[in-house]
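Take this structure, written in structure tokens, and hold onto it; I'll ask about it next.
Chain lettering (A, B, C, D and E) follows the sequence in which the chains are written, and residue indices restart at 1 in each chain.
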Amino acid sequence: MSSMLVLAIVAAIGVVAFFIGRQRAVAQDNGSVKPHSRAHYHGWWAFLLAVLPALLLLAVWNIGSSVYLERHIHAALPERTADSAVASEALDVSLVKSLARGLRQLDANTQLPASFAELQPLLAAKGVALATDTQDYMIPIAVEANAVQDRLGLVGAVVTLVLSIAGAFYALRQVAPRARARNNVERLMLWGLLAASTIAILTTVGIVLSMLFQTIQFFDSVSPASFFFGTVWDPRFAAAGSGGSQGQFGLIPLLSGTLYIAFVALLVAVPVGLMSAVYMAEYASPKVRSVVKPALELLAGIPTIVYGIFAVVTLGPFLRDLSAALTGGSPFIQGQSIFTAGLVMGVMLIPVVSSLSDDIITAVPRAMRDGSLGLGATRSETIKRVILPAALPGIVGAILLTASRAIGETMIVVLAAGVAANLTANPFEAMTTITVKIVNQLTGDLEFNSPQTLVAFALGITLFALTLVMNIVALYIVRKYREQYE
Amino acid sequence: MTDIPLDTMVRAAAPARRDIGLKARYAAERRFRIYGVLAISVGLAFLAIMLITIVSKGYTAFWQTTVTLPINFDEKIIDPSNKRATDPDVLIKANYPKLADKALMAKLGIDPANKPMALKLKGFLSEGARVQLRDIVVADPSVIGTTRNVDILAAANLDSAFKGQIDLNVEEARRKVSDQQIAWMNQLKGDGTMAEHFNKGLFTYGASSRPETSGMGVAIIGSFYMMVIVLLLALPIGVAASIYLEEFAKKNRFTDLIEVNINNLAAVPSIVFGLLGLAVFINFLGMPRSAAFVGGLVLTLMTLPTIIIATRAALAAVPPSIRSAALGLGASKMQMVFQHILPLAAPGILTGTIIGLARALGETAPLLLIGMVAFVADYPKTPFDPATALPVQIYMWANEAERAFVERMSGAIIILLVFLMAMNITAIVLRRRFERRW
Amino acid sequence: RDQIQVAGSSTVLPYAKIVAEQFGETFTKFKTPVVESGGSGAGIKEFCKGVGEDTIDIANSSRPIKKDEIKSCADAGVKDIQEVRIGYDGIVFATDIKGPDWALVPADIYKALAAKLVVDGKLVDNPNTKWSQVNPKLPDWDIAAYIPGEKHGTREVFETKLLDAGCDKAAIKATGISDDKEIGKTCIAIRKDGKAVDIDGDYTETLARIDSNKTGVGVFGLAFYENNADKLKVASVEDVVPSTETIASGKYPVSRPLFFYVKKAHLGVVPGLKEYVEFFLDDQMIGPESPLAEYGLVSAPDAERQSQRDAFAAGKTM
Amino acid sequence: MNIMTEQSLENAVGDKMNAKSNEVIKMRGDKVGVFYGEKQALFDVNLDVRLNQVTALIGPSGCGKSTFLRCLNRMNDTIDSARVTGKITLDQEDIYDKSIDVVELRARVGMVFQKPNPFPKSIYENVAYGPRIHGLAKRKADMDQIVESSLKKAAIWNEVKDRLHEPGTGLSGGQQQRLCIARAIAVSPEVILMDEPCSALDPIATARVEELIDELRQNYTIVIVTHSMQQAARVSQRTAMFHLGYLVEEGATDKMFTNPDDKRTQDYITGRFG
Amino acid sequence: MNIMTEQSLENAVGDKMNAKSNEVIKMRGDKVGVFYGEKQALFDVNLDVRLNQVTALIGPSGCGKSTFLRCLNRMNDTIDSARVTGKITLDQEDIYDKSIDVVELRARVGMVFQKPNPFPKSIYENVAYGPRIHGLAKRKADMDQIVESSLKKAAIWNEVKDRLHEPGTGLSGGQQQRLCIARAIAVSPEVILMDEPCSALDPIATARVEELIDELRQNYTIVIVTHSMQQAARVSQRTAMFHLGYLVEEGATDKMFTNPDDKRTQDYITGRFG
């Protein structure tokens, strides 16, 4: 029985249980006792008990049976010899599995040939691709595996259905005026909500796991010390014949580039964003505010690649020519520079800073404002001496959040700051960032399991850790700030 | 009691005016305001400059040059041996470009026997003419033998020349368009055969290696699928998570952990989500490559934090008095949340969702790793078929060697921006409309 | 699966796109193949993931597959790989169209772009700031070269065919470095003072740089140059002007082969795969007069093309 | 309601504390203490709430009146940091017992708040909400009936009967407060808690609500927090005076206002502080 | 201060209205009306504020007491929707006149709010804030002197003199309110407006602030809003009763509390409403 069919039947049982449950509850309400829960809660409870455990079981069963099947195949395979035709044991098993999957595509009454050579055209006709490594002895094992799988599937389906019906009965027997069906249903809902909120954690775990394995592999060939403290980024192209995976994987130039560009971006975004927020919160008439605020927010809606293209095509050359005109000769601003990238990124971040600080500034209680104005302070004095200092921790938190955005930005930097991993203090030169290198090492022509590619994962984890720390700090600061007024 | 005239009133002593530095303070005040105005102007100026550069570069992409030719669907060329009744492949393999070339030569008055001249016509009409004419014939074989006016696309280079984008001062050998072709072009332009039309193809064609027949059809469909998936997944999950965190969770280590996680995920570089998608959805769960479904899942994970943060803010903005009112009546917390808080927070949640969607719509990097940065010519019928997305199309066109693609890229950026702005403006209008002052 | 899936090099991508598109137009019963870009490495990685529906059929590559990669492939069950060489990619130097003519030799490039040079018997940081200092025949321009970034296969060619070739190994040896490997490394180390700019994007980006810096020198693929010949002026190397002819004949020194790899297990299984490869290898596609050649692919000599076709038809694997 | 009253009467037999037989104890606080986190806001409060009487809680700001009131229907549960000690009974059942469902408790012990807080829904829906979640009306007609009678009991029917489907938030403050009372009444609670119900109302509205409270006393037991001594004097039968978290004094309203035992009560009532 | 009083005395000669010569009119509201957007919150209020006296504004919630008070130093300017009609004078100068600078006005007419609102700065900085922005102290020593004398005048010096550099928000509610008073005093205003300064304070703190107000009267003119009749009676010399935006009655506090002219005043004072 296919899982889909089982699912459908379970759902049907659930629906029936719902209606019976509700009906029973209605029937039992004769007015003598005040029922605890309304009738439909009994229905829902019956539905949930009929469906949820059964689904859970089905899922566990399916996972369990695939594990069992794997072992089964493993056991059935002949002992490996040194000159085994197939590269590895794991591959052996997976060959059998795909063979078994393929066999299912064949019509039931097809006569199975004994050799793979004969079998392959049959399968190919059905659109099943099999590795040429597949051996003849695997065919009976695959057939056997399919049979086992069928059996397991049938048992699983039956058990699931029994559980579903049992759940429904259990719930229906519970129906009574004082039964707390609502509480039960709500407890399950709460679990559902909790599950939804753990997705954030699962995502994080997923991210870390998806990078961890390769990171470890990377550190097998490059020592962590030379990665974290190396000052030269020069992962040599694994030149043909040179067999070289040598190269220098120093994080420092990338990290400093990342921080430098983020710093320049903040230098643009923070004053501009903050002043816009202040002006909008304290001075602008509602009319101006209602036009300007959304307009500024549009800046946040423009895809970063567009910013990048703008930086390369328009801003970079403009700045270079400008600097050339200023010195009357050679330009001191390169076409690609930290300055350009930071500037453009800063513009992108203006709305982020301004909307965060807007919230924070308006959160400063009116009493503070009144207190200052009541003493005869002008508005700007009030803002500078009372509101901003009071909002400072919140603003710092906001800036940290913005900074972590800046650190994670890719496309702008790729285009505007270049890819050269320099270590320089001159903002008018090119530098590059961690994100850029992640993208480049992953999408280039490099050998895929060489350290040159694997380093991308190490960089990814580093970056992840970096933003995590910044967020924790930001959260801590914002929390503390919030407490001040509560 | 105060009806006496002021001058007869008791005069309180006016104390000597103190000097409280008003002049300087008002100057500072004015300066401060100017800083504010400046800051806003900087932001708006950048917005304006960017929009202007993009629009001025890309608006021409919305026009496409076509040549209207009376095509004679000559049976001798399409099906010389008259086999189409038995072998339908004949209609597919026929030499359709020849039909177009013949018509063009007739129009220009070139003798088909004049081979060198005929050769110069190469690259005047789009290669896409083959498919265009074939589709006409396959759809209705009865046109064979008749003559019809058909709008044939001009090749990309001619299109550029027609729009005046090719520098004619460069020596001929270095140009993609010859002087002869320019002359013909002007001739056709003169008699109205060659003209610019609105470029429908930009919206309907799939990917192509020829600029004039490439469009964003596949990308639009792919983006649409992804947005639907993101909406269907991220909205409910995000709302559920926010409800838990805002209404039920006790403040403890665990909720702190979730909170830090959510904030952090909002800042994680998007490419990292691509790595996650590749590792989990494609490699571990065996989902298909290049599929909008996987893209949608990845973008869902990316959008979730945005939605959660916005939703929590919206929930928190519902005043506690509503909560107490519901609880005081004997509503359970669940009932309170779903029957009162959630409906009241809906506009805020919607706004956050739209902004999150807009962000997801503009995202390229994570799609790179799950195979969605690809050449896909056929429309995806389901979310599981290979597809691309709008920003991906921009990215790919940006990397093309042919200049005509650059124009398309700018056009595509305009379209994407229009979508994004429409979404953002919807969000803003929604927020304004439902903004509640408690 | 009824659609061929291809992934890999972005250099090969435009050619693969043209073929895929025409394949779809010609063979209406097959769907147009999906061609991903994402780099040779990522393409081969996907290719080597295994055999079956959920793996790609073809990996495009702008470099030969590495031994390690073949091994990983085999470990995952991808044992029978067919290599197809589709032609060559010429690597050219170009400047803004308005600039003077350039004639380069590898030694010029080495002297202009190497990190360290031997001056007076000592290895010092590259002192050259103008092309005219490198070679008086070159224009008096500040050195500003836009070269392919390390992620690109082109970079490897650039290093071996130009830097390594132009490098005065004896002089380096004379400074006291005896290890050949060390010398090799010194030869191909590129200066990092901003005079040589790595470009990790595509040639479009390089073009944008030249556009904005009219005295810059860029490295392009021949195809790209030919598409932008109205904006760029190409430099000769060792007095050979790059063109499909000079490259095909081997006169022009800097070129590299382009490949794709086919998973043999998928042949005859994924509909149209065999036809696609055959279509690709047809002279209609990769011959000297073909659309690919028109786009800039340097066709291999006739014999080589034929041998590729034969090898594929014979099912020769690596 | 009648049934319950009789039941409670039976329960009350043998109660030694109450001299008069009609003074049945509906709710009782026994050594009630409340902590907000570390901070103790209420100390050892022993207070009885009598059936069909109005009990007023008075005292200066921050003395714990609201805190005590909110213990009576466990609204304090909704504050994470709040912790209640001691024992509170409703008809001699411990309301903090596991067996008691807090939702049900709140249906029996309703609450009206300081600031009128109608739901942003129609007037009808405001009133119908409680009966709906508790399933008190089987049919639409039943519901109409409940809504009408609740609004009538809350003395607002005449003002709103023609606009039942307009939003409740569109009413004036006083009307909103009466709507909230109607909403509380609609679920037929046994006890109604009111936390400064008139403090946001104008004098005329206040007078109407005070009248209403007096009428409601016939059918419900009422506990009201007020900062107006006059109001306490006007509407309540019993008064409890709180100070700094302690119950200072409790007794018949008449006595409290004429002859209080405690100096602080005296001072507070005469306006020496507060 | 003495000088001023003498001067005023001279000016007061010939005043027919004021029986006692020391009753100089410091501020005067003439047909003051206030609109919040469309809604009129104050109607035609004519009210005099006398020099060196405490004027109490009483009335039920929402009657416009705060609104009127905030007109006196143009704090209503900070509310976008607020619009003031009529005329308000300070020493016979129209404070809404163009020639009057609002910053200067507020330095002359200080304000203390209902909820203590110290800035999140040190105690010293809180008090020094006003003098600093107005440039009242040339040297550090001057500033120290101003801070000390202000804190002394606000009767909080002894409690804080050892912790001047700790945050003002760390003080208790009553201390915070006195700190806010010190802050207001520090800019040497002529008039101090207080909006329910004790409503958030406990009884003991209230008593201290009331004492303080009585002392301050010697040097400053004070207008105080209070919802406690008792407080008004205790601290003020003159009382004005507001109702629904109208000034109902105004007069000497003694008279108002013993023998009001208006029925509404009578009812309010005796707690019939509010």
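Operating definition for what follows: a contact is a pair of C-beta atoms (placed from the backbone, for glycine too) under 8 Å apart; a residue touches a chain by one contact, two chains touch by 3 or more.
None of the values given here were measured: they were computed from a predicted structure.
Chemist: Check every other chain and keep only those touching both subunit B and subunit E; list them.
Modeler: A, D
Chemist: For subunit B and subunit D, which third chains touch each of them?
Modeler: A, E
Chemist: Just tell me the minimum hop count from subunit C to subunit D, counting one hop per pair of touching chains.
Modeler: So the least number of steps between the two chains is 2.
Chemist: Central chain, going by Cα centroids?
Modeler: Chain closest to the assembly's C-alpha mean: A.
Chemist: Please identify which chain has its centre, taken as the mean of its CA atoms, farthest from the centre of subunit E.
Modeler: The chain lying farthest from subunit E is C.
Chemist: A-B versus B-C: which interface comes out with more C-beta contact pairs?
Modeler: If we tally the C-beta pairs in contact for A-B and B-C, the bigger total goes to A-B.
Chemist: How far is the middle of subunit A from the middle of subunit C, if each middle is the mean of its Cα atoms, in Å?
Modeler: 34
Chemist: Averaged over CA atoms, how far is the centre of subunit A from the centre of subunit D? Could you give it in whole Å?
Modeler: That gives a centre separation of 50 Å.
Chemist: What's the distance between the Cα centroids of subunit A and subunit E, rounded to whole Å?
Modeler: 58
Chemist: How many angstrom lie between the centres of subunit C and subunit E, each centre taken as the mean Cα position?
Modeler: Chain centroid spacing, subunit C to subunit E, equals 83 Å.
Chemist: Hunt down the residues of subunit C that sit against at least two other chains at once, touch-wise.
Modeler: 10, 38, 42, 201
Chemist: At least two partner chains per residue is the criterion; list those residues in subunit D.
Modeler: 103-104, 133-134
Chemist: Find every residue in subunit B that makes contact with two or more other chains and list them.
Modeler: 20, 25, 332, 368-369, 398, in rising order.
Chemist: Please list, in label order, each pair of chains that touches.
Modeler: A-B, A-C, A-D, A-E, B-C, B-D, B-E, D-E
Chemist: Please give the residue numbers of subunit A that touch subunit E in the complex, ascending.
Modeler: 286, 365, 367-378, 381, 385-386, 389-390, 484
Chemist: Which of the residues in subunit B come into contact with subunit E in the complex?
Modeler: Interface residues on subunit B, with respect to subunit E: 1-2, 4, 6, 8-15, 17-22, 25.
Chemist: Name, in rising order, each residue of subunit D that touches subunit E in their complex.
Modeler: Residues 60-62, 199-204, 206-207, 228-231, 233, 244, 267-268, 270-274 of subunit D touch subunit E in their complex.
Chemist: Using the touch definition up top, name the residues of subunit C that touch subunit B in the complex.
Modeler: 3, 5, 7, 10, 13-14, 16-18, 20-21, 24-26, 28, 31-32, 34-38, 42, 46, 49, 54, 56, 97, 201-204, 223-224, 227-230, 295-296
Chemist: Would you tell me which residues of subunit E are touching subunit B in their complex?
Modeler: 3-4, 7-8, 11-12, 14-18, 23-26, 28, 30, 46-48, 51, 89, 91-93, 101, 103-104, 107, 133-136, 190, 250
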